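Quick notes on the structure that follows.
Chains: A, B, C and D, in written order; residue numbering restarts at 1 for each.
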Amino acid sequence: MATEANVLSVEGYTLDYVTRAGPIRALDSVDLRIARGEVVGLVGESGSGKTSLAWAIMRALASNAVELAGSLKLSGQDLRQLGPGAVRAIRGRRIGMIFQDPSASLNPTMTLGAQITEALVAHMGLRTKAAREAGKQLFAKVGLSDPAAIMRRYPHEASGGEKQRVVIATAFACRPELILFDEPTTALDVITARQILDLLRDLQAETAVASLYISHDLAVVSRIAQRVAVIHRGRIVDEGSVPNVFTAPSDSYTRALLDAVPKPERRLVSSTVTMSEKRLVEVRGLTVRYGRPQFFGKSLGTAGARDVSFDLAPGEILGIVGESGSGKSTLARALTGLAPFTGTLLVGGREIASIADMDSAYRRTVQIVFQHPDASLNPRQRIGDILARPFALYGRAGTQPIRSAVRDMLEAVQLPPDYVDRFPHQLSGGEKQRVAIARAFAAGPALVICDEVTSSLDVSVQAAVIDLLVELRRETGTAYLFISHDINLVRQIAHRIIVMHRGELVEAISADDLAARGPSHPYTARLIAAVPTLLAA
Amino acid sequence: MTPEPDLAESWAPSADLAEWTFKLRPNLLFHDGTPCTAADVAASFEAMLNPQTASPARNNIGPVEGVTASDSATVVFKLRAPYADLPVMLAYTNARIIPAAIARGEMTRLDREAIGTGPFRLISYEPDRLIVVQRNDRYYDPARPYLDRVEVVVYPDPTAEGSALISGATDMMLSALPTEYARLQRAQGLRALRTPSGQFCNVNFGCDAPPFNDMRVRQALALCVDRAALVDFVAEGFGTQGQDTPLNPAYTYFVEQPAKKVDIAGARRLLSEAGHANGLKATLIASDRPAVRTQLAVAIREMSLPAGFDVAVQTMPHATYLDQVWRKGSFYIGFYNMQPTADGIFSLLYTSNAAWNETRWNNAAFDRLVAEARATVDQSRRRELYGQAQALMYKEVPSIIPVFFDLLTATRDYVEGYRLHPRGAVFRLDQVWLRDGAPRRG
Amino acid sequence: MSASYLARRLLAMVYTLLVVSIIVFGVTQILPADAATVIMGENATPEQLAALRDRLGLNDLGVVQYLRWLSGVLTGEFGASMRTGQPVLPTILEALSRSLTLAALSIALMLVVALPLGILAATKRGGPVDVLFGLVSYVGVSLPEFVTATLVILLLADWLQLLPATGYVPLTDNLWVGLRHLALPVLTISIILIAHVSRMVRSEMVDALHSDYVRAARLKGLSENRVVYVHALRNALLPTITIVALDVGYVLGGIIVVEEIFAIPGLGRQLIVSIQARDLPMIQAGAVVLASTYAVMNLVADFGYALLDKRIQYG
Amino acid sequence: MAEVLRRLVRTPQGAIGLAIIALVLIAVLFGPWLAPRDPFAISPLQRYRPPGPVNFLGTDHLGRDLLSRVLHGASATVAMAIIATLAGTLAGSLIGTGSAYLGGRVDELMMRTVDAVMAIPSLLMSLLVVSMLGRSATNAVIAIAIAFTPGMARISRSVALAVRKQDYVSAAIARGEGAGFVILREMLPNALAPIIVEMTIRFAFSVMLFSTLSFLGLGAQPPTPEWGLMVSEARRFMHLSSWMILWPCISIALVAVGFNLLGDGLRDALNPRT
């Protein structure tokens, strides 16, 4: 019989995790096939079981995992029957794996060269010298400039992109039959991520290696995979070629997922805001230095944001876009008195020269919501106490008793009133972010700074939180400073957009002009080009 | 204790015992070979008597007015008062003869080098660890010492010192604690030595202030003390009972006193007569060196409870004790080596003008007895005077002296000629010799 | 480890030593009794005490004494002991050398035992070896030094009569006898160190074995030995260096009790003796030498750590 | 609190540790009543008795009953050690948290001074303090509290720094909350768990340190039956009766093991992740 057409075939595979609260079904009779040279995308939100499938294939399941049924065949050979020795022989040799965070999969105390050489020595039977030579060629092939230098460097001496290229070189080194990609570009900056994506496409095409590309980002999967399977709570709900699934999804969950993906052309707010002469916020030549003066240590005076100027009208949503390290968060910290700054800042016409000027009136008008839901709520306080604090601080509840004001706030952010007595760890990520937003609005602010508020949420949850923010703005007329690295999301929600690059403001343009005339600064153009937009929508 | 000639060949007192003349041996040499003459002896004593030198010997060698060298071999001591025991007192451990050059010159040289006339010469001195001495070939008696070299190892922990001797790491011990003695007796290859001595541990009352200025209170506490039990508790049985006088059979002029019995009812009666019907609270202070002091204090506390005493025990580092409590405290534990003579111990501790006068008893009758005895030569008259002095202390109890310690030590069986000296501070290593079979060392 | 960082660390060390000397001197000023009382002992009469205090300079104001001491130290002159008249520095350095010998031997023994023990317990986590290890290390960590020392003496010196209980013979005089005398104290200290370090190595090893890079190494198909003894071990041993260096500081000053019981005239014991004798120059010199050894060991630890773990950059 | 207890008993260390410490606390609270005989009564005839029907654990050099002394000793040793650690922890955590919150030069200066105090070994520091204040159990407690403060300050500072970086603290500061509210309501409750774990383990050290001080004659005064003092006194009589030294040693070890186990058990129980 000709060799099995499918490199990988998963049939009826069912997996449980045993926890103190009883068994949890992670994968429910999953079927999946990948032929030679084919890239299959596996799309699902966090907790959908997509990563568990990868661990199952690599035979590296957690100790509390119980495989109930089904088979995992590699070129016809069921991996579940293999003993530890056989599994070890297959790993790296016949199945490669690339992880999300490159720095987590590289040993910090070993040089990058040593980590690729050891794989070649282990599987290709090369002696160290020959392996080093082969390693150098592979580094060149994955586009690393000056491979010899990279060989001697340690992981912390290389950038995220360089490290991911080393991991990719190591995975492709032994020309495996199958490679599993677990969100390889999520941890990288937008532009670097695009370069890595293109590299993977070229290498895959050249080696025709069967690939399973796992991701939560539908746009990325639509660019690289030929076929895609959508997984929801452990079950494959949709499968087929990328055009079919993405244009005519058969399952309602897939449709909701596709809708939630930010599309710049679908505007959530009317694009014009009357730029009345009374500015809410005027920022001129704002420079933020972080790091506190040290007695014995050198003061770390690296600038977070340099000489930034912009205006914000009441009720306007100003988007700030930039990669990590561009200074956008530092700007937010300066405006809320969390970082010292120089330059002039006018809020509601009042001059704020330094943090000392930020009296409680200022603190009430400017609120901030942070990125990580787990860290922005005090784990030891109940939701009711957290939300009551702004009322007690600013005494806004007026005649209404604080307890009922808190209930109203919960309702405003679509959370059940009985959440008042719960602790943060009893809420989901999305719910915690809603509480944080409620806390900000409890003060009745004129401006709420949203610092990457949806970046650590699943796509569907993100869409719901964005809708909540738009709704609240419509009701209260509050202005937003919406900070994000996702330019599609910002173009969807903001009236005007400014782009930050290495601490400097490189572009300020209204959303409509950007759509009509495109960006004026080359960096913005590269940023827009780098973000994969959904193919067929 | 009878004096033994060392540098002096012979000596004689004047009729009124106020002037003593000593004849030195011919051609005596110091360790560094320079001759030792009467001038050196005079200079040494002159330095000792000068308060600036702060020498410990100053108030332990008797009432010496001045010392002169009449010629190169004769030394004359002028005394402030007649004193029969001068020869014995001059043998005091810190009253050694050093070259006049050092005595009159810079004394600090003594910090680093030791030039004397003794049977051994100093080789090296490491504080708190090791002292090494070698045979002095220039010693006036060519026969002695028999040993070539002696290493004195300092053991801060007594248990360790015992184990070292048992394991053969050392040849002899200078002194052993009562708690170690039983083990040393049992160990084979060892010879355990024991001799009664005048070393004692006592309770000092401050007789110059209440409550202990009242004799009845002192007598009451004395009646609570079970002396036989204390010999067990404090000396592990290796000691003799004391009857509240500082003399015991080891002293020539010791006069037996009737043994005091425990009488709790009598003690309680005396206490109430003295106005403490519902008991007396007091703090008994014990320095931490030697450890026996604390043991005695704890035992006194328990024994005096039934009679209504509530004695709180307080220990403190020896330095703090010396600074704040010694000679000033109203109720504390003392510990003393035997003195060469009866007069030595009385005038050191209990007479009104005593150097240490810890109890401030200041009893005129007692002072008269001691002064007279000091100036009489006739043996029987001195015995009678000292007897009355002891009886007076026995009755008035300026301090409770319940137990005398036997001096204990042990040597390997191949060590010969070593006799334990009751004085407790005299170690005649010059008489020691080793039988064959002794291990070669160093 | 750039030069400016080194300079700053040395500056911080000087500051630390200064604070230490001030604290120690301040406390010794308030201690009841002084060197003169101790030296004179039972034979002190008031005017003799006054004379001796004058000669030792104890009558001057505390601050004056401290500044005189400080100016002496800056010119390398630590003064002479009030008790023995011997110069202070040689005695302290001699005591330090003995403590260092003790420290070196104990740490050597500890490394030979603690590292394999910790690694074994980690790799066989949950197994009988690990449980036994857990029990023994808990007891080891919980025994105060004097209890361990007493039990060791009771067992090895008295009942089994294997080794001499105490006494110190310099290795230079007689190596074999010297080592026999050091056997029990070294054993006592290393029991304590082994308990601490092996527990630390075990937990570091367990963390490393559960890390992402070890899982990645396994998924690269490397042999189990290479994964455990190269990838995991290298990362687990890094923190050990800091701990071992700090242990040297602990052994020097911390085990005063062991030096007391085994009569080893080390730095700890020298300090106790000089405090009891209120020997100010000796106390000061001892405390400063001890603190500087501690600080130097900290620096060595950080330096060693930076050397091995390239991630640490001292700006 | 009940929740923590339930999780604590689930871990082996926690269970055993809790059992031992419960036993010890019974000895500390009811020792005097449990003791079969008067721990202070001396009796010349019953000296150096091995364990037997009359004296279950034997007698010491003054004929006093060892079992009663060990039971009475529990309160002298353990209670004092706990008080000392609580004081040290309180002082240390306030300094540490405050220093972490203030940051900058103040933090740097405070930490350098803490380093300096830590450069002096805790035993030497206690020795100096006790020599200064005089010997008594209370002074030993003060000495240990002082010796423990720098250690606790360092630990609570590192914990507070980690908490300081959390967004809910930044949110509170952005809201304009006062320093008092931020430290006491936002930082301390979250920094408390690791501090409590560290404190429990320090109880073990403090029992060991307190008994070491008494061993050197700097802590409890005779005739109090404090365990360290009992070991120190018994050392001289080691060859006449080794029981005298064995029982206090075992008691000290038992208490220290108990606290160490409890500390590790608490660390898992209070650890939010597990």
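As a convention for this text, a contact is a pair of C-beta atoms (placed from the backbone, for glycine too) under 8 Å apart; a residue touches a chain by one contact, two chains touch by 3 or more.
Note that the coordinates shown come from a computational prediction; the quantities given were computed from them, not determined experimentally.
Summed over C-beta pairs in contact, the chain pair with the top total is C-D.
With centres set at the average Cα position, the gap from chain A to chain B is 88 Å. Per-chain CA centroids place chain A at a distance of 49 Å from chain C. With centres defined as mean CA coordinates, chain D is found 22 Å away from chain C. Within chain C, contacts with two or more other chains are made by residues 12, 32, 158, 260-261. Under the contact definition stated at the top, the residues of chain A that touch 2 or more other chains are 296-297.
Shared contact sites, meaning residues of chain D that touch two or more other chains, fall at 112, 131, 134, 235, 238-239. The chain pairs satisfying the stated touch condition come to A-C, A-D, B-C, B-D, C-D. Residues of chain C that touch chain D in their complex: 12, 15-17, 19-20, 23-24, 27-28, 30-32, 134, 138-139, 141-147, 150-151, 153-154, 158, 249-250, 253-254, 256-257, 260-261, 268, 271-272, 275, 287, 290-291, 294-295. Chain B makes touch with chain C in their complex at residues 51-52, 54, 56, 58-60, 108, 111-112, 127-129, 153-157, 159-160, 163-164, 167, 169, 317-320, 322-324, 326, 355-356.
Looking at the complex, you find that chain A touches chain D at residues 292-297, 333, 336-338, 358-360, 363-364, 367-368, 370-372, 375-380, 389-390, 393, 425, 436, 439, 443. Note for the complex: chain C touches chain B at residues 32-34, 37-38, 40-45, 47-49, 51-52, 80-81, 83-86, 91, 157-158, 161, 164-168, 260-263, 265, 269, 273, 276-278. The touching residues of chain D, counted against chain B in their complex, run 40-42, 44, 47, 61-62, 131, 134-135, 217, 221-223, 233, 235-240.
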